[in-house]
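Each chain carries a letter (A, B, C and D) given by its place in the written order, and its residues are counted from 1.
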Amino acid sequence: MKIIKKYIPLAIVFIFGMITLASYYVPHRTSEEYLEWINRWENIVSAFALFLGMISLFYVHYKKIERKVDGWGYSLFVYIGFLIIMVAAMISHGDISKGGKVTCLGWTFNNIYNPLSATMFSVLAFFIISTAYRAFRIKSTSAFMLFLAGLILMLGNIPLGEIIWDKLFSWTHITIAEIKNWIINVPSTAGKRGIMIGIAIGAAVTSLKIIFGIERGYMGKD
Amino acid sequence: MKETLNKMLKIDRRWLFLLLTFAIIIPILKPIGIPSKSTSDAVKDIYDFIDKLPPGSTIILSLDYDPSTAPELHPQAAVVLKHAFKKNLKVIIMTFLAGSGGLIDELVRTIPTKYSKEYGRDYVLLPYMPNILAALTQMSSNIYAFYEKDIDGKPLREYEMMKNIQSYKDIACVVDITGTAILDYWVAYVGDKYKVPILGGVTAISQVGYGPYLQKKQLKGLIGGMKGAAEYERLISEVGKGTSGIDALNIAHILVIVFIIFSNIVLLILKFL
Amino acid sequence: MMKIIKFSLISLFFISNLFAMPSKSKKQAEQKNQNIELSSLQLIDYPSDRGDMIILKWDIEKENDLTYEIYVSTNKENWIKAKEVKNGEWTLEKIDLPFWMWNKKESKNAVLLEVTKIFSISEEDFFDKYKDGFKLYAKLNILNKNKRFETQIVEGMAKGNWFRTDRLNSLITVIIVSLVFFIVVSHAKKKELFIRRIAGLDAIDEAVGRATEMGKPVIYVPGIGSMSNISTIASVFILGEVGKKIAQYDATIKVPHYDPIVFTVAKETIKQAYIEAERPDSYRDDINMFITQDQFAYAAAVDGMITREKPAACFYMGYFMAESLLLAEVGASAGAIQIAGTDIDSQLPFFVTACDYTLIGEELYAAGAYLSKEPMLVSALKVQDFGKLLFIIFASILSIILIIAAKTGSTNFTNTILDILKVR
Amino acid sequence: MEIILGAFVTSGLTLFIFSFLYKDNPFFKIAEHLYMGAGLAWYIQLTIYKVIIPNVWGPFRKAWENGDWFTIWMIVIPTVLGISLITQFIPRISWMSRYGFTFLMGYSAGLALPTGLSTDFMNQILGTIEPFASVLNLTTGQLLNSIILLIGTISVLFYFFFSVEHKGAIKKISNFGIYFLMIYFGASFGNTVMARFSLLYGRFDLLVRYSNAQYFYATNWIILGLVIYFIVEKFLIKKVIANNS
């Protein structure tokens, strides 16, 4: 039983890991075809994962409604939202527009899905301002670096910032755009590069651990 | 004193939210027109190019953006359309992005009437075309091969303004406004190949990437982000969404900066108290 | 280097009659051509490709204003003009392959021909029909002022290759890192290995303790990554450790999920954590809950959850995109201790500013080793340090060497070093 | 008609979400739950119509007609693996779901290993040292920048050393590295502000547009409704508290 439960999955990981690793060094068409197929496999499996998600979502909210927990009424809206989109998609066969006309699905995209996601995304603007108010306080040298870089970038991105800069600092004969570009291209790149190299090596080592079955937390424990 | 200052540091963040709301709403209701230091060359180029076209020439306006990039690109499309109508140019509007329908609809509902322009005589709308590369190539010999009908399903050829239009050689220039790589297609497959002047409008973030094209004159001009739209609006002296947008961005940025500096001043005073 | 064209005018009339010309006018044009033998002309398969590229190469002439027209054919009859090049315009050096594949300094004209484009065959058809290689013929028309010469026909085969020789350097790096990895991991000993302090992880105890005291829950957000994201793997591991502490302290934890597979794995992880903490009876199935698989819908739901539950602590570990600040700012305003960790560099600024502690990039990967102190994991950390050390040594020594090389003008040496590091 | 309905739905949902900024309320909860359902449905329909039907079902039918067994198996196997995921709901055989994604784990690990080491490791070394190769053509400023870049990157890497204690010289270097990290964070934060404010501008612009007579004052009505709700709620809660005490 342990073989089926544990070793075969580990063997699958090893085999697919090694083949994929090898495919990076094999230019032949066969290796391209392999990658195309495995992408299709991924599509299929993740489609089923989506259905797994759907079942979980329905189950969670069904339980809430069944037990009449606090605010169970809101759970009904989960089903309503789901149905609206699905029915619209079925009517318009998954097309947002047809012959230049917005379809039923297109309408739901423009008036339901997009407002919700775009608004949620734009809420970030508010949070940026409150976070900035709290976090950009100079309490140490490193906080000062954060403050300075942030301030210059914000000033440099707007026309008014350029005007203000020229009024105050025109004697330096340096424009804010130059300082901005220098920050992005030099010290900021150094910081980013350091992080990326650390991540690259960490990712490579983790990949090795996965391929050789040392890291198996993702399988859950048994 | 110390207590009030401490309170200020821990101010209810909803006051900040309210101020930000005002900072953005007010310019929308009444654009201020905060001056900017200079107009970027790329915007000036595109303005000059369109301004110098002889009246009655036909241009293609390819509007390939969807709601996600509309805040920046919609004002650009509006200002270019206004400029074209002001100069009495004929405009063919097309799109290669499925999600752009509603936005184009909104443009043509408001702008043409303002300049008393008529559908079919001064501008036409072409339907969404998914097969972009084929369409771009085909139009070099015959526009009607792909676009037999306009967006309403009426024969395109029969419109007054289309009488003398057959292929790219009858087109004065192409303006593509997009947040996608479609502008690259226009440059590579139409601009370089058939020597049609290509002008562009892109988001502030992707603006940097088009530097090389501008340098090699593969792009004759470029509008970048809301700032570009605002600059263009100033050039044709029309206050629009670009101006109000850049006003809002200006004020909102200054608001953040003021908040940051304010909190640091409070902190500094607290230290010495 | 031999740079001689052998003119063989003898066979002039013979060969020209061999060619069947597609059109009459062309025939007349071709008849004026003089035939020559260009011994250096070669059609060779492009090494390290999938099979649709071939290189035509020949010596560079001393005469500068030569123009070459390249003709290719599959049957020696229907010739297609593939390209027109000037003498010395396209050379071996311009074909971007490293020095270990050929001598770049060889002064040869070399033109890369893409077979599918020239013969306008669709890629699918090409790979269907020509599995064993695509045979083609090529010849040159040499234009010298007003004279035209035609060379002999050369033959070549475009084949798919089985090894990307140009990626040899990358393969060697992978092998070295793997070897070091195995040596270090197999020598992992039980004895305490040192790991530097990671403040964010030390704070986990404090956060869980605080939650216990206040009687409020801990919310653990694993992000929007799928199980194959390395940050998600790290996150699930940390979740196990946090789960153990929660079980020991008898606090409560809630884990909202975005990905259904991560959701199921986390369920098992938490269950196991409660068993290991010897509190299996306090485990409830609703610790993990699936929210939805849409980025901002997930953010909205978790935001709602944070506002309503008023947690004592929030953990954000794993793969995050724009929702990072949406979550962290709401958590901060709810007054929770916040510990974040992600390897998405674009989101780190928001976590750093809005959270109390942030695990930056690699620190997240190190968390598993730090919390569990498992020798195998700790020694893997050493491999990571080795990699960074390698970078530091290479980057600093090579820059000095390059400066010296540039000052002494040894460009060959410089190019060799850059070639070794460049991965194509 | 559908345009006006659209205006009301759009501005309604937009304002419901924004109302969360004031405080949690039933309208936000409605939008939140609606979104949970709609968001998942959006991805499911996208998967069905844009992935499954053209890339899986289409080839499968074609292969079935042509008797192309290789293609059939290449579609059947992942389908079985996908179905195995559903065994999650039956605890006794839930281990079967491992088969469903282990190949994905191997695949992504195999993909990440060489690309990570080459693009992010070797090419970054190259990028760091490359400027020095053309040292003769650099201005003093450019040379200085390249040196700062090199030193900065190295000192950031010192910060990430785990198996040595950070004290003495190492502590100093890694602290220096933190400065570079902080500049990166600050710059990246400042650079994002523009894009986020543009988004917010877009939402507000839409709300203002929908407050026109053309759209029957959609925005105005919904704001009015929300304001009335918040006032009534505040009043009621005060009353309840007063009654209790």
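FYI, a contact is a pair of C-beta atoms (placed from the backbone, for glycine too) under 8 Å apart; a residue touches a chain by one contact, two chains touch by 3 or more.
All figures in this text were calculated on a predicted structure; none of them were measured in a lab.
Colleague: What's the farthest chain from chain A if centres are computed as the mean of the Cα atoms?
Modeller: Between chain A and the rest, the longest centre separation is with B.
Colleague: Need the CA-centroid distance for the pair chain A / chain C, whole Å please.
Modeller: Computed from C-alpha means, the inter-chain centre distance equals 19 Å.
Colleague: Nearest whole angstrom, what separates the Cα centre of chain A from the Cα centre of chain B?
Modeller: Roughly 27 Å separates the two chain centres.
Colleague: Roughly how many whole angstrom separate the Cα centroids of chain B and chain C?
Modeller: 35
Colleague: Where the centres are mean C-alpha positions, what is the separation of chain B from chain D, in Å?
Modeller: Computed value for the inter-centroid distance: 26 Å.
Colleague: Going through chain A residue by residue, note those that touch at least 2 other chains and give them in order.
Modeller: 21, 24-25, 46, 49-50, 52-53, 57, 95, 109-110, 116-118, 120-121, 123-126, 128, 130, 132, 134, 136, 146-147, 150-151, 154, 157-158, 192, 195-199, 201, 203-204, 206-208, 210, 218-220, 222 - these are the residues of chain A that touch more than one other chain.
Colleague: Could you pull out the residues of chain C that touch at least 2 other chains?
Modeller: Answer for chain C, listing residues that touch two or more other chains: 167, 170-171, 174, 177, 226-227, 230, 260-261, 264, 291-294, 296-297, 300, 333, 345, 348, 350, 352-353, 360-362, 366, 384, 387-388, 391.
Colleague: Chain D: which residues touch two or more other chains?
Modeller: Correct list: 17, 20-21, 29, 31-32, 35-40, 42-43, 85, 88, 100-101, 104-105, 107, 109, 112-114, 117, 119, 121, 124, 128, 153-154, 157, 160, 181, 184-186, 188-189, 192-194, 197, 199-200, 202.
Colleague: Which of line, ring, star, complete and other names the graph you get from chains that touch?
Modeller: other
Colleague: Which pairs of chains touch each other?
Modeller: A-B, A-C, A-D, B-D, C-D
Colleague: Inside the complex, what are the residues of chain B that reach chain D?
Modeller: Interface residues on the chain B side: 14, 17, 20-21, 24-25, 28-29, 67, 70-72, 204-205, 225-226, 241, 245, 248-249, 252-253, 256.
Colleague: What residues of chain A sit close enough to touch chain B in their complex?
Modeller: Against chain B, chain A makes touches at 95-97, 99-102, 106, 109-110, 114, 118, 125-126, 128-130, 132-134, 136-139, 147, 150-151, 154-155, 157-163, 166.
Colleague: Which of the residues in chain B end up touching chain A in this complex?
Modeller: 11, 13, 16-17, 20, 34-37, 67-68, 98-99, 101-102, 125, 127-128, 151, 153, 204, 227, 230, 246, 249-250, 252-257, 259-260, 263-264, 267
Colleague: Going by the contact rule at the top, pick out the chain A residues touching chain C in the complex.
Modeller: Those in contact with chain C are residues 21, 24-30, 32, 46, 49-50, 52-53, 56-57, 60, 116-117, 120-121, 123-124, 127-128, 130-132, 134-136, 146, 192, 195-199, 201-210, 214-215, 217-222.
Colleague: Going by the contact rule set out above, which residues of chain D touch chain B in the complex?
Modeller: Per the touch definition, chain D meets chain B at residues 21-22, 193-195, 197-202, 204-205, 208.
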